[in-house]
Every structure is written in C-alpha cells, then in structure tokens.
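Sharing a structure, written as structure tokens. Questions coming.
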C-alpha cells in the first residue's frame, strides 16, 4: 500500500529546504518526488550522481553508425546495381561526402533523441499526478516536492516537514 | 565494342531539313503544332540551326544540324537521380524512358539543349497512327527523350549480323537522318574502327566538335572549311 | 515562481500564452476557411497539371525549370533560418532569444514541409517519385548517388527530421503544462503529446543536454542543406550557375530571407495574440540589426558574383548576365536590388525607424526581393543557354501561380494551426529567461549561467 | 506504461496494415487468367503434336509472335470437329469476316516501354515454356509467369556469355527504346 504526499512550493529556496529536511529525516532519495515547471538543477534537486549522462557518447556512436551507413549505402548501391550504369565511379568521394555527412548527422540526431527518451524515462505516465485542482496550483507556483512511501509514519513526518518548509498546498494520495 | 559516332559535313549541308522529317517519321515524334512551338516546345530530336556568315552583300547562310552529341563525358548523365540517362557500353548516351521521373535536370545541364521533354501525352489521329514505327516506343507525358542514333536500327543490323554469324559491317547501320540526307553530308559508323568511313572523315583537317572547350567529348564531329569562297 | 518583478505574474503569463489554445475566436475560423480555400484551389491546379501534363505550366525548352524551383529555393531558404537562428541564439546564450526560438523553429518545419513539396510538384511523373528512395527492388535498380537531387533528398529529410525533433523536444514541458491546466479532451490530447513529462530534475537535465547537442548538430545540417540546394545549380555546366561561391551565397540569402519571415511572423503573432509584453521592441531591434548585417552581406555576395562574371566577360556568361541586368529580366533584377538593399537598409540603419513597423516593412520588402533573386537565378540562366539558337523566354501560367498561391496559403495555414494548438512562445524558456534577467545574486540562478547579449541587451 | 503500450499498439497496427496492403497489391497483380471468346484449349492442340509456330507463325521471324487468323483455324476445322458448338463460333467469325477478339494473356503494357523480340529469343534456342509456362497442360491459357523486369534481367545475367556482346546483356537499351 503506497501512499504519497505532495506539497506545492512557490520558491526554489523553500523547496530546497524541504528536500534537505526530508533527506535529513532519513527518507531515501528515490522516495522523494520533485517536479518543476522550469529547469531546477540545484544539487539538492539533482545530486551529482544523477548528472551522469551518456547522451554525448551515444550521439557519437550514432554519428559513427550513420557515417558507416552513409559510406556503405552509395557504395553498396553502386555494386548491387544489376544493370549497366555507365562509366560513373563506384566510389566517388566528392559526391558521397555529402551523403555521408547527412547520414552522420542523422545518426547523431537519432542517437541523441533515443538516449534522451531512455534516460529521461519517456514516454511514461507522469510520476507525480496531483489532482486537477492541485495541478493548476502547481503549474502557476512552479514546484512540487513530495514523498511516496508505504509506511504511515514516514508520510506523516513528510507532511509535517513539507508544511514547515512553507508548502502552499498539501495533498495526500493513496 | 563499337563506339558509334557521326560526322556531319557542314560544307555539304543545304539546310533542307530532310533529316528532321526523317527523324520524325522514324522515331514516332509528335507534331505539336504552331501554338506549342511558339512556346518553345518544338518536338525535334534534330534541328537545323541557321547562322549568317559574312557582311552584306557577301553574305551566306550556314546550317548546322544539331542532334544529341552522344558525349563521352555527358553532363546530363551524373545529374539524373535515377540513372534514366547513362552511358551505354557502346558509347551511346542512353535515355531510358520508363525510368525517367521527369526532373528535367539533364535537359538543363545539356549545353547543346538537344533534350526534348514530353509536356503532354501525344495522340495521332486515325489513320495517322498506322504509320507509327512499331520498333520505337510511344513516349508519354512527363518523360525526357532525345536522339538515340536510331538504336532500333542498330539493333536490327546487329540481329542480322548475328544471324549471319558475322560482325556489323561499316554501313550496315544508317540512322534515319543519315539515310535521308540528299547531299550525303552525314555519315554514321564505328569510330573505333579506323577504316570506317566515319573515322576516315573524322580525321579531316576540317573537323571540329561543338562547344569543344567544355570537354564533353561529343561523338558527333562536324566538318567545316576554313574559308568560304563566293562562287 | 513567486519572485515576480514587473507587471507580469506567472499566472498572467500562463493565461496569456495558453489562451489561444483554449479560446477560439471567429477570426481563426475565418482565416482557416480562407486559407483552406486557397489551398484547395492550388491542389486542384496541381491535380490538373498531373493529369494533363507539365505543359500546362509555362516552362518550356530551354527554360525547363521555372517558378516551382525558384519557390523551392525560396522556401528552403526561409526554412533554413528558423532552426539555425534558434540554435545559434541558444548556443551563444543570447539572453533575448527566449520568446523567439519557437516561432522560428516552427517556421523551419513548415517551410521545409512546403518547400519539400516543390520538387514533387515539378516532377514530370510524380507518381514515380519513390524511385529516389534507395531500397532493394527486384529490378536491381538504385538511385544515382552522384546526382545532386539525391543529395537534396537526403539533406532535406535529415534537416526535416532534425528540425522536427528540435521543435518537439523543447515543447514537451509546455505540453505538460497545458495538460495540467486544461480539462476534457484537451487534457487527453496534450497528455498524449507530452509523453508523460512530469518535470523531474533528471528530465530537465537530460532535456537541456539533448537541446544543446541537437543545437550543435543542427547548425551544420542547416548549412549543408542549403549548400546542397545551391549545388543543384553550381554543379551544372551552366553559365552563371557554375560558380564556386554559390553555396555560401545561398546560405547567406537563406538566413537573410529567414530572418525577414521570422520578423513578419512575430509582428503578426504579436498583434493577433496580444503578445506585446513578450515580443518586445527590443527583439525587433535586435533582429533588425541582424537583418541589417545580412543586407550588407547579401549585397557583398551579389556584387562579388556579378563583378567576376562581368570582368571575365566570357560570351557564354555575358548572355545571362545581360539578360538579367539589361534584358527583359532587368525590372526583376533592379527590383531585387531595390527590395533587398535600397529600401530595407535606411529603415534598419536608423534607430528611429528600426521600430516594429519599420522592421515589418523592411522584412516584407526583403521577402519579395529574395523571391525575385531565386527567380532570376533559375530563369535568368536557363533562358540563355550556350547555343544562341536555343535561347528562349519564360512566363508563368495561371497553373503555376495557383500552385504558388496554394502553397503559400498552405504554409500560413500550417502556421496558424500550430500557433493555435500550441503555445507559440516557449513558456518555460521565457520564464527561465526572465529569472535570469532579474539576475538575483543568489543560488537561485541555475547551474548553466546564461549571459545576455552584452550591449545589445542594454540598448532597450 | 500505458502510453508506451499505446504507442506500440499504434505501430503494430500500421505495420500490419502495410503488410496487408502490399499483400493485396501483389495478389491483384498475380491474378491473370483472362476470359476468352472461344473455349480454346492449348492442351488439346499441343497433344496433337502441333508446333507452337504453326499457329504463332511469326515467333521465329519477327519481334511479334502473332496470333493465328480465323482462316488458319478453319483450314483444319473445316473438317475436324466442325460440328462442335465452339467451332461453330469460329466459323461465325469467318462468315462475318471478323477476327476473333482474343483476350491478351501476356504482353507488356505500353508504359513499360519494352521492345520484346520473339525472334531473338527463339533464335537463341530459348524454349517457349521458359517464358510462357507449360502451355501444353493448360485448358485455358493463363499467365503462369509474371514477366517482371527482375525476372527478365535474371535470365539475361545467367546467359550473359551467350550474347554476341556480353556487356549488352544487361544494358537498358537492349530492351527499352
């Protein structure tokens, strides 16, 4: 039986304080929910270990893959050509450079986008689903800090801490 | 492998345009009419250009029959995205009608402007459709076409030669324009064979090729005297 | 956030920017109906052309390409600008970019979609267009990768895909925002499009990372794409096409017309959606300065191109040169100079006239001028082939003009629908930019420190 | 998870529809047994040891194989099975001085721009059945083999060495002009 408590915050300072208090109270990080309507990347919200991303790496991998396809596509096509195609070179670097370049870029874009979706865990059901009324408050205020847990006392502690940190609205969900 | 070529002696050309008519009849070229011609859509695979030479009163018209030059380095070939135009093993600049998607890039890139586009479907009223050549396709709208050096005649000559178990002899193939030329200004044959008539004529001191400076290496060679003396 | 200075609260901002999404005015239906009619008319003209043959257009021998290809370059040109401008502004952390990026990116995507249609419209046998796609087939035939048209196909598709992603990813947070503010079917619609974005720090971090990688990748793609379009011409053995500076010349022209259409779009959006508080005179001022720079660059390239041709004085080159400068295309040529330089430069150079209206006038003039430039390039050269005997003329027919009108209407229609369905100003980026502008010397400033454009910014 | 599932579902639907669509297209192309005005049986005639070129007279002489005229049919059928109702139909055509409007079984559409040459193939010793299937077993002529370009080219490739100019075996201009 998982229960969640969500608090809406208006300033990053309050939200940061709330997160700090929750961590101090011994609530594990993976149980703390943070959502914001604009990038909030302070260390309290995004610990250093979560900042590691392989997106650049995969972009490069995609680029290399695209480059390989870009080179082999025209060459293979010219070789597979079943009919006389008359005097044109099978590998023509000047002409193929353009095809290679475009497919390299396409590979890099593909690598980036796929990695983005994988690392951000999208598409997915939104992690924090406040009620419709609270959602409106949230998008205008800007931040949600919450806790999910299966023990009643954790939720109660979180509720208190969120209120103390200055949460504007608190919602319990089960 | 033969390398087909043509020599046109401009000193013999009278500008009678028999070649144009013969080409029309042989290759199923449509007659597009006055209105379309005025728009620049004459449907000719060969045209006779007329230029004036000299100053009045010592003036003379000169004629140049211009057809597809069957270039060895044809600018039209690399730009076709679908290989509808390519170089055939016999040195012909081929145009495959049903492969053509009609980008018209080849026509733009042809320095001789000898490629012809089918702006519409063509119809031959009865009984004119009976005179269509069954050995040549009827092209439909949206595709490019041009002089083929009468490829159907090359095929026919080859078939006959094969059946008789020999190679094609010089003079076996005569495109319609060559055949119809009353002054025998045009000669067709194998440029790789040094003894062929076309090779002999091509070695003439009077030989030149159209827009030679572009490096397109045309297979059509023109002959023209240095000077023209008034008769 | 609560730290709102100035008159604009977050709630007001949301109301302003989401209003068009929820509220539909009569003007919207009117605009869609009108544009839709023009699009249908263009579609009918195209159908007529496909059924009857290309002959219904004015193109002929030797002018095998006409209005279609000119408009193609024009649209590809304006498409070039959106994503490129947005990516460059993002990479340079230009502080004033925030309200500009999305309307620029949307121009790119739609202009590409419309521009990409022109090669198809112009194909003689459009029903065989798929032969351009490399796929294994029983005939054993493949496209010719040596052909610039195949490069075009590759470049346009890469850029279209890249631009689409570059438009869509930064829109996710805004889609989620709308999802959380609306009810009914709209909630489901935007919920589906938002792909479950909830705004966790990890999502934000990866989004910013993805945007910065994409911005780096997309700039060379944008430049390559318009270069490839230029190479369509300059690899051809044609006088005044066979020019080495064509690629940069086209890219400059593309950015030039791209900024112009961006300004036009911004002025219209500002009026229609009452976005005066978001698209401020400063934005028009800055874009106007950029446009001014491109006016000069364009003149420089044009001059370089024509000077060298004239100085070389090769007969083959002089024929199209004369045809453009003093022949029957002369009104187009001098009109182009007038529209692209003489009219916009004084307007944009003087601080007093570099107003919203001033920028609009200059931009409209440039858009017409750039279309004329593309027309001159295509028709000017093709009418004057090397053999004098084959010289010709060209005049577009009603079919070409109908299709042209239809495609322009289609472009506007797509843009209208987009700005109706989605917030045309990136809400989260605007908020972020506003917070940065306040420059609270606290830790509230996020990790990635944005510097506004120094000097230009303070001009306001 | 729900959204992800939905995306997969849509993708699956698109893929299935594409497959069904192309399957239908293929099927409609393959089906080809046109109805003929006369219940002519190739089987019966081939079993009587009549050579193909007896009726298709030009197959070894010209590009077109040719169809027999009504006169040719009636040369034999004046006597043979003259009373059969089908032969009566043929006689009726003769009396009206009309040719039998046979429905075409094989042949290239005009838009293929193919110049097929029967004589060349017969001269090269290609068996009729290679391209037309085992007509001797067909009561009604049916399109047993699809004359696609890939099919033609495959044979040309395999028999490259039998061409007088092997490089022309797979030249486009060999068939398209």
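Letters A, B, C and D name the chains as they come in the text, with residue numbers starting at 1 for each one.
Quick note on the criterion: a residue touches a chain if its C-beta (ideal position, glycine included) is under 8 Å from a C-beta of that chain, and two chains touch if they have at least 3 such contacts.
Everything numeric in this text was worked out from a predicted model, so none of it was measured.
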Remark   = Most remote chain w.r.t. Subunit B, using mean C-alpha positions, is A
Note = Distance in whole angstrom between the CA centres of subunit B and subunit D is 35
Distance from the mean Cα position of subunit D to that of subunit C, given in whole angstrom = 53
Ask   = Counting in whole Å, what is the centre-to-centre distance of subunit A and subunit C, each centre being its mean C-alpha position?
value = 29
Ask   = Taking each chain's centre as its mean C-alpha position, how far apart are subunit A and subunit D in Å?
value = 60
Message = Give me the residue numbers in subunit D that touch at least two other chains, ranges are fine.
response = 3, 150, 153, 167, 171-172
Remark   = Expected list for subunit A, residues touching two or more other chains, is 81-85, 88, 95, 123-125
Key: Overlap residues in subunit B, where contacts from two or more other chains coincide   = 78, 83, 86, 88-89, 94, 99
Task = Take each protein chain as a node, join two nodes whenever their chains touch, and name the resulting shape: line, ring, star, complete or other.
result = complete
Remark   = Per the touch rule above, subunit D residues touching subunit B in the complex are 63-64, 110-113, 115, 117, 119-120, 123, 164-165, 167-168, 171-173, 176-177
Ask   = Which residues of subunit D touch subunit C in their complex?
value = 3, 6, 148-151, 153
Query = So in the complex, which bits of subunit A are touching subunit C?
reply = 10-13, 33-42, 45-46, 50-51, 53, 55-56, 59, 73-74, 77-78, 80-83, 85, 88-89, 92, 95-96, 98-99, 101-103, 105-106, 108-109, 112-113, 115-116, 119-128, 130, 132, 135-136, 138-142
Message = Under the definition above, what is the set of subunit B residues touching subunit D in their complex?
response = 1, 86, 88-90, 92, 94, 96-99, 134-140, 148, 151-152, 155, 158-159, 161-163
Complex contact set, residues of subunit D against subunit A = 1-4, 7, 150, 153, 157, 167, 170-172
